[in-house]
Amino acid sequence: MDYVANKDIIAKRIARIFKTGDVVNLGIGLPTLVANYVPEDVTIILQSENGMMGLGPAAAKGEEDWDLINAGSAPVTILPGGCYFDSATSFGIIRGGHVDYTVLGVLEVDQEGNLANYKIPGKMVPGMGGAMDLTTGARVVIAATLHFEPSGTSRLKRRCTLPLTAAREVNYVVTDLGFFEVVGDRFFLRECFAPYTPEWIQEKTDATIVVTNDCKIVNLD
Amino acid sequence: MDYVANKDIIAKRIARIFKTGDVVNLGIGLPTLVANYVPEDVTIILQSENGMMGLGPAAAKGEEDWDLINAGSAPVTILPGGCYFDSATSFGIIRGGHVDYTVLGVLEVDQEGNLANYKIPGKMVPGMGGAMDLTTGARVVIAATLHFEPSGTSRLKRRCTLPLTAAREVNYVVTDLGFFEVVGDRFFLRECFAPYTPEWIQEKTDATIVVTNDCKIVNLD
Amino acid sequence: MIEKPILTPAEAAAKVQEGDALMVGGFLACGSPHTLIQALKAKGTGRLTLICNDTAAHDLKSGRITGVGHLVAQRQFKKIVTSHIGLNQETQRQMNAGETEVELVPQGTLAERIRAAGAGLGGFLTPTGIGTEVEAGKNRILVDNRPYLLELPLKADVAFIKARKADKAGNLVYAATARNFNPLMATAATTVIAEAEEIVEVGELDPNEVHTPSIFVDVLVRAERLEW
Amino acid sequence: MIEKPILTPAEAAAKVQEGDALMVGGFLACGSPHTLIQALKAKGTGRLTLICNDTAAHDLKSGRITGVGHLVAQRQFKKIVTSHIGLNQETQRQMNAGETEVELVPQGTLAERIRAAGAGLGGFLTPTGIGTEVEAGKNRILVDNRPYLLELPLKADVAFIKARKADKAGNLVYAATARNFNPLMATAATTVIAEAEEIVEVGELDPNEVHTPSIFVDVLVRAERLEW
């Protein structure tokens, strides 16, 4: 089977998790794409950890307000009913369990629910920013990632080898191959994205992936 | 010598401690009187622990705003340049050492700097309110009290017998007899208010009161 | 932005169950949700734990009662966590008679415990209470050779909040010293019910001036009673 | 109300001494005090410890630098306490080369440590960092059988704050997401210097809308540079 990396599939699937009223924090990069695919009849509230509730679309060219950015420093807008707050309040909201979902990027994620996404020792140390608080504090943690590194190695592991962002906090992993839930130190494949098959995913991933009868084959195109 | 209780003397003397710019919290009762005697050329900033900086005079009759009270629930005003905040911020200001002086009432105060002013077990238990945080957090703690109880017993003690509001936090005790500083587990009489004499004060107080050469006789009328 | 249900005071008060922990905003009845208090008094729900800065006023001689004092007088609390009961003689009477358990907490510690619960902290170290009865049963921890008490978070099932203004999404703005414990309690309860003097459309509040973000508020109620 | 001195950027920057701990507001240069940063760059004061959410941006290829990145580039810091250096390649280079010590702190923990210092707390318990490298050297404390890390307060000698508006007494109002760490840092430094885009007369700000009370601010500066 041919694998073609597909970030949009991941964003599309994650966007369907939410229901109206959910408070969601989307990480920089791939997770940001999720906002593009939220169904029209679902209204979620985006939190931005730099101090905003009600994050709106990117600011139009020429209309940027440089006091109003998202956590990736891109100029954005605020929706009616949104508000601003300081960083202690922002992380009080996050740590206090008032964010329903956080969607984060991945370097490695393992079947125990461990996530590594902030450091490759000796190589790349961007810092954890808000990721450790988000993974610890949000009610549901969704790891969003292309299934494979460019080298072909799976990002889903038996055990992370990189320094952890959070221990045992990941609930769901959504890749361009499928939707995984972490339960009892194993990945459960809940949905397999066509044209891939559960067997192929198991074969290509060095981790315990349980496939039960109710695993659905889903076409997200 | 005849003793006549005189609260105004106490308020007058305390009011002279401050310099322009000092942030001051005045407790309910006797300490509130202090505001009436601050010299005209000195501008202090009054903090009110229920959530205000820049506490102004009492509201005029008929002009009360019942959303604007002091910590004793009396309707007050706010001065230009004042502002409001919540109770966590208010006590962050207090505990964080941003209040220069707190002036508190007294049931007992002792030569170790212990203060008891919130509880007479089995008799009167109003609760500590903000007093424990104020005594712990303010830079300088001033105990303001008539020297004697109605029964004639001195409120200045060798050792408090009532439950403490704060241990070893009192810096100054100002009574209607004199100005005392707590140093090294003793009261130092810095000023004796005429017509009383240091000897008379020592005789009437069951506590170690040190009188040094530089103790001043002061007339506050 | 999603709008929150606007309930009648009675509907909102019915969210409080027998035995619940209930936070009520206000400082000596200033900034207290008087409409909700009266509705809960009418409902009569009992065995509650009250978390409130104080129990407002109750003068046994004159019979004058303010704020949450109305609920104390009706014996709706089995326990009260508060910093001050000095103006409520009935609370003192119930405490001395052993009818109601009263836990006295320094005001700054009470505020911070509520904030800690809302902010997901496991506790905090405060110098307040060292060397006093407040130390009893608590861990003393040294930091830089200075002793602190470890104080734990305090949360509730329901919070009654009073705001000057709300928008229909639930963003709140408070007036003057009526702010006090309200914004803290709005973060620390499972169900947060806010009564507001004015409820405006979404988008009418300046996002820079919102004191409590909408996501903390579950239910709105129109304030009908402003008197203490 | 007492008015605060309004100093030139150079006069204000001279308040920072060699070796000081310096807090600088801002999030990826948004809401950073760019006027003060440039003045401190001109002054060249060194061996400082920087406490800042991040070190803004420095692209080694293009040479583009923003915010506190200008001070990093000029090697004015011996140590940097921050949550994120991902957009500043020069910070990463200095760290990897062992030229500058970098302490990485989770963003929420950084915010709370600064708040704790300003609020007189001896520390707080956070679940953030449990099971990660952040645990190293810290006390783990169980509350209700859940593990927390004891995190300690973080204070500074000087804080550089950026406000949208100040009144002459020093009350501050921030704009949109330019608020971020500014109000926290304003509580946690011995000397607090606030640059404001606009400085109005005392009494012109609504006391309900002030974000930082005047008593925290020691010195005002007129913002001359708003570009990142």
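First chain written, first letter: the chains are A, B, C and D, and each begins at residue 1.
Here is the rule we go by: a contact is a pair of C-beta atoms (placed from the backbone, for glycine too) under 8 Å apart; a residue touches a chain by one contact, two chains touch by 3 or more.
Values in this document were obtained by computation on a predicted structure and should not be read as measured data.
Trainee: Any chains in contact with both subunit B and subunit C?
Mentor: D
Trainee: With chain centres set to the mean of the C-alpha atoms, which chain is at the far end from subunit C?
Mentor: A
Trainee: Higher C-beta contact count, A-D or A-C?
Mentor: A-D
Trainee: Can you give the whole-Å distance between the Cα centres of subunit C and subunit D?
Mentor: Centre separation, subunit C to subunit D: 33 Å.
Trainee: Counting in whole Å, what is the centre-to-centre distance of subunit A and subunit B, each centre being its mean C-alpha position?
Mentor: Here the centre of subunit B sits 56 Å away from the centre of subunit A.
Trainee: Once you find the CA centre of subunit A and the CA centre of subunit D, what distance in Å lies between them?
Mentor: About 29 Å, centre to centre.
Trainee: Suppose each chain is reduced to the average of its Cα coordinates; what separation in Å results between subunit A and subunit C?
Mentor: Once rounded, the distance between the two centres reads 36 Å.
Trainee: Residues touching two or more other chains, restricted to subunit A: which are they?
Mentor: Only 52, 78, 84-85, 88, 91, 94-95, 137 qualify.
Trainee: Would you give the residues of subunit D that are in contact with at least 2 other chains, written as numbers and ranges?
Mentor: Each of 112, 115, 119-121, 126-127, 174-176, 207-208 in subunit D touches at least two other chains.
Trainee: What pairs of chains are touching here?
Mentor: Taking the chains two at a time, the touching pairs are A-C, A-D, B-C, B-D, C-D.
Trainee: Spell out the part of subunit D that touches subunit B in their complex, as residue ranges.
Mentor: Residue positions touching the partner: 1-2, 115, 117-121, 167, 169, 171, 187, 202-203, 205, 207-208, 210, 213-216.
Trainee: Mind listing the subunit D positions that touch subunit C in their complex?
Mentor: The contact residues of subunit D facing subunit C are 112, 116, 119-127, 141, 143, 146, 148, 150, 152, 173-176, 207-209.
Trainee: Under the touch definition given earlier, write down the residues of subunit B that touch subunit D in their complex.
Mentor: Residues 20-21, 23, 43, 45, 47, 52-54, 78-85, 88, 91-98, 137.
Trainee: Mind listing the subunit C positions that touch subunit B in their complex?
Mentor: Touching subunit B: residues 27-31, 53-54, 57, 82-87, 92, 95-96, 104, 106-112, 114-115, 126-134, 164, 174-184, 211, 226, 228 of subunit C.
Trainee: Would you tell me which residues of subunit A are touching subunit D in their complex?
Mentor: 48-52, 65-69, 71-73, 78, 84-88, 90-91, 94-95, 114, 119, 122, 124-133, 136-137, 163-168
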